[in-house]
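Scrolling down, you'll hit the structures one after another.
Next, two complexes with chain A in common: one pairs it with chain B, the other with chain C.
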Partner chain A sequence: MSGADGVFTRSFRVITALVLIVWLVLPLIPLGIWSFAKGWFFPDLLPRVWTLDAWEYALSDTAGVMDSLGLTIYISVCATALSILVGVPAGRALGMYRFRGKAAVELAILAPTIVPGIAVALGIHSVFIWLGLANTVNGVILVHLIPTIPYMTLVMAGVFANHDPAFEQQARSLGATPLKTFWYVTLPAILPGIVVGGLFAFLVSWSQYILTLLIGGGRVVTLPLLLFNFATSGRNDIAGAIGMIYILPGVIILCLTARHLSGRSSAVGGYGRL
Partner chain B sequence: MTHVSLQDLTKVYPGAASPALDRLSLEIASGDLVAILGPSGCGKTTAMKMVAGLLSPSAGNILFDGRSVLKDKPNERGSVMVFQNHLLFPYMTVAANVGFGLKMRGVDPVQIAQRVDRMLEQVRLPGLGGRKPSELSGGQQQRVALARALIVQPKVLLLDEPLSNLDAHLRLEMRDLIRTLQQEMSITTIFVTHDQEEAVILADKVALILDGEMRQYDKADMFYRRPADGAVARFFGGRNFIPGTSDGASFEGPFGSVKLPPDAMAGRGELTFRPENVVLGGCGPNQLACLVAQKTFLGTQTRLILNTGGTSIEMTGNPAQFDGVRVGDHITISLPPDTLWMLTA
Partner chain C sequence: MRNHLFCAALAATTALAMPSLADTADGDALNAMAWDEVVELARGGEVNFFLWGGSDGINRYVSEYIGGILADEYDITLNRVGLSDTSEAVNLVLGEKEAGVTDAGAVDMIWINGENFRTMKQGGLAYCGYTDLLPNNAYVNWENPSIANDFGVPVDGCEVPWSTAQFAFAYDTARFDDPPRSIPVLLDWIKANPGQFTYPALPDFNGAVFVRHVFYHAAGGVENLLGPFDQAVYDEVAAKTWDILNDIEPYLWREGATYPNSIVTLQQLYANQEVDLIFDYEPATVGVNIENGTYPPTTQGYALTDGTIGNTNYTIIPFNSPNKAAALVLQNLLLSPAAQAQKALPDVWGAQPAIDITRLPEDDAALFASIERHPNVVDPEELAAVALPELQASWTAAIEQGWIENVGSN
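Presenting the complex of A and B:
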């Protein structure tokens, strides 16, 4: 009975994995082909002429792709770091403590994932103009926190819900200061959660378009904005090349953190799972 | 060597109707091992956490050698608490766990390594320093937790139910180990337990808490011989409670008059005595004629339920001495005055 179940579950898993891979990878194939094509028209299955022109242009100084890549990395790294700074304590409060108005705080944190970003951004835009943050990189970093902090906080709340504070009490009793307790006892337990949450935050910031466009006012040109410019101007080959560059960090991060993403990792468990 | 005194220690959790711990006062002599005994949920662990500095009391004071430690943070107090479920840090090796307290105190790593090795030998776990806590058995984990606390030579060692997660033979081993090390290092130790046997065997003195209130603080044998009230006697397995009156010298009850010990109280109340202190046969004072109503073999003991003067008495003893006794027999028993105690209402 259980054997048959096992076979069924396993084949179901394999099929799901295949569907997912096809779904995720298939759309990228034409993108890759476009970046090496010199014209690619119906009904040709593959381009007639192959060329590196698009890549040469994308990697050249004139296109500004490299500048844009650096800027996008800078913005996403800053937004991720700030989300961690806010999300870890916020997640601890939500996951471990009961307090008055907890439901309201939870809703406030979740709100940006429910309310359309453009509505929020329009309101913030006028505030940012007043604060002098509109059209600046710092302004863009700050506005990216709207969608990144909820992800970070929710992941950390899950981690802390399984975290046993008695370990911290034990460390304190053994002579550790609060800072050392965090460093030696709490941090190792929640690190997988920070990695996973940080990964989400980075990718959410990395793929922001509307918020960057509105708050950056076209002066802060991140990779998605650049990509969109080429895609709408019909340069599918250059858009393809930039697109390939654009997905690279996501793939790299995913490979580096894959072990933390598996269900068996303690990312969702903290000490509770061990 | 630290003298600990708890003065009217009280904890009321916000929103709770009654205090979790109500005015606990205890004087614990330097180097003594004191058990705080009580059923689960009586506020024992709350008391421990307050001594450790992990909870702040609602009222009262805690003094180490006459100095209030209420303002000292847990890491500055010099008391170390060992939790019930050992709480070994899972990401560290056994050696790193044991050496944790020394590392926090900035001790030189070479010296830490030497002291950890010596400490592991003392808890009879030599050479296991390189393992992860998850690779140890429950008993070994508990010993590592003890080693981790003892290595910093705390002023006060706090043990929260140190034996409750262990099976029978490990309990004995751990109990002896705690006693040996505590005496060797002469560390003032408080431990909480719900098991009266554990408290009696391990502790110099026992504080019994019932319903959030301390009922008696005494040497262990006094809980059997001179219980403070009926609830204390019942908690310690008392079975015989005979209503009647005392004039200080003798007790007048349903089975007539019996002689009391010289320190007995006068007034209305209950006469109590331990089943194991009832003597079979007529010698000495306080003899009673009884009918055997029930006889139960309990393994190492045999228990008799006896009827006399319209009340029943329970006695236990070595099975061999009851070989000739059958249900329905008339026997004579005696109650040595020293083993009797009067509980006045």
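Presenting the complex of A and C:
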């Protein structure tokens, strides 16, 4: 009986995985083909003329894609690290403790995901000008925290809601310092949550357009800015080539962290209580 | 309190960390100088040029050709900032003005015209009164009303022309012969060929100029529409225009149930043979899009016998640009006969010059005479033979709003 059940679960898993892969990868195929095409007209199944022109442009100094790739990675990594620094303690407070005004704090943290960025961007711009942060990379990193922190905090709140502080108390009673307790007990327990939240934060920062343009003042040119230029001008070939470069870091990070993303990971349910 | 202290400290350190470049934010001081002094001030500096970034050809021309000359001859670093929409740069300057940034703006120059220029000029966001300073300004014919007025708004020395453009249609010669060559013929053609024509929904720039052609036709000529906005004339002509457009709507692509949201969408519809006709305010687009593979190579541009609307596009320097001297050097370079001729080459950009060829020395004029236009782009002289002026912005705004209320929302 249990054998048949196992086969069913396994085939269900395989089918789900296939559907997900098709759903995620299929839209990327035309994009990849376009990046090597010179014209692709109905009703041709494949382009008639193949060329490396789009890639040649995308990799040229004029396009600035490679410089922008390095800068975008730097900004997103910094924004992710800062989100973790803020999101882990904030998530612990929200997930483990009850306090006066908790609902208001939760709403305030969620607000940036509800309010459209453009509505606040102009106001933030004038504040950042006053602070001397406009047109700087640091300013762009800081402003990216607005949309990234909610994701990080919410994931960590979920992890800490299922986290039992008794684990930590036990380590302390056995003589571990607070730092050791965090390093050997708390961190391993919440690490999958940090990975998942960090992945969210990275991808949210990675895809920012209007906040980067406004706060960066055009001096801080990230990949979405370059990509959007060509996506909106109908140049499917160059948008395809830049798009292929654009999705690389996301795909690499996804592959590296995939094992933390399955249902068996503690990022979803935590390790339960003692 | 602690927060405030932190912010103040942060602001102070960032201010200290800012490099003290040769600041040329004071436009009045520059206006009083000789050109050589301006060039000396600009040397070794940088200039941030914000322009639509959706064409690899234009990007290459600006970054490589113009940027190369700036670096080699003037030691100026050109930072080309690509935009998806020009209003993004205008909003940046507007935000800076509201925040009190009067001499340290991020934007040194914008490629601009029409509505965005009106916003800049009316908002006091433009640096003005310098055009006589530029040596190559001598090649600009400011007597020409279509240069001296940007969509009906007097330029008043607040921007410098870069290129001219004129609306033109195009069709695929491999699919049919004899396209409709005037607005009344087109209106009949649409009914005879249901589903084969559409235009982008307003406020798309190109959709709006198509509707203005129908508006001119309904008015029986543009002569009655020139000058300031006239409500009585507008009401009469607009009613006729909406009747015409609503009348053809069932014969448009998808029975007119929906309109493409932008010229780019219309270009894709044309490329995929869903519609038969395409148009563009920049006639060179036909050549550019054939060469980059967007259009079939059998696409041919053509003019209308009853005329098409022309415009000029410009470059503007914001009031708070800290690199005005370098921006002036860039503007002067953009106006030079060599740079204008390079821009007119079909494999570079194909844009028509904004300078008056008849004012050039003989060898410079020969440069333009030797340019062979892309064979599929309509002959600029054929187009210019029947050029129609643009209306003032108050008219164009009213027509846009009227279309949205009376045609688009039906």
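What we mean here is this: the second predicted complex is superposed on the first by the 246 of 274 C-alpha atoms of A that agree within 3 Å, B and C clash if a C-alpha of one lies under 4 Å from a C-alpha of the other, contacts with A are read in each partner's own complex, and residues count from 1 in each chain.
Please note the rule applied: a contact is a pair of C-beta atoms (placed from the backbone, for glycine too) under 8 Å apart; a residue touches a chain by one contact, two chains touch by 3 or more.
Quantities reported herein were computed from a predicted structural model and do not represent experimental measurements.
Superposition note: with chain A as the common reference, chain B and chain C can be accommodated side by side. In the superposition on chain A, A:R10 contacts neither chain B nor chain C. When the shared chain is aligned, chain B comes close enough to touch A:F167, but chain C does not. Across the overlaid pair of complexes, the angle with its corner at the CA centre of chain A and arms to chain B and chain C is 160°, in steps of 10.
Once the two complexes are overlaid on the shared chain, A:K102 sits clear of chain B and of chain C alike. By the touch criterion defined above, A:A189 reaches chain B but does not reach chain C. By the touch criterion stated above, A:G175 is placed in contact with chain B alone, chain C being left untouched. Of the two partners chain B and chain C, more residues of chain A are touched by C. For the pair chain B and chain C, the least inter-chain C-alpha distance in the overlaid model is 30 Å.
Taken together, the chain B residues at the contact with chain A in this complex read 49, 52-54, 73-75, 79-81, 83, 85, 87, 89-91, 100-101, 104-105, 134, 148-149, 152, 158. Residues 37-42, 49, 51, 53, 57, 60-63, 122, 125-126, 129-136, 213-214, 217-219, 221, 225-226, 228-230, 232-235, 237-238 of chain A are the ones that touch chain C when the two sit in their complex. On the chain C side of its complex with chain A, the touching residues are 7, 10-11, 14-15, 18, 48, 50, 52-56, 59-60, 63-64, 79, 81-85, 88-89, 91-92, 95-96, 98-101, 106-107, 262, 264-265, 267-268, 271-274, 292-296.
The touching residues of chain A, when paired with chain B in their complex, are 164, 166-167, 169-177, 180, 184-185, 188-189, 271, 274.
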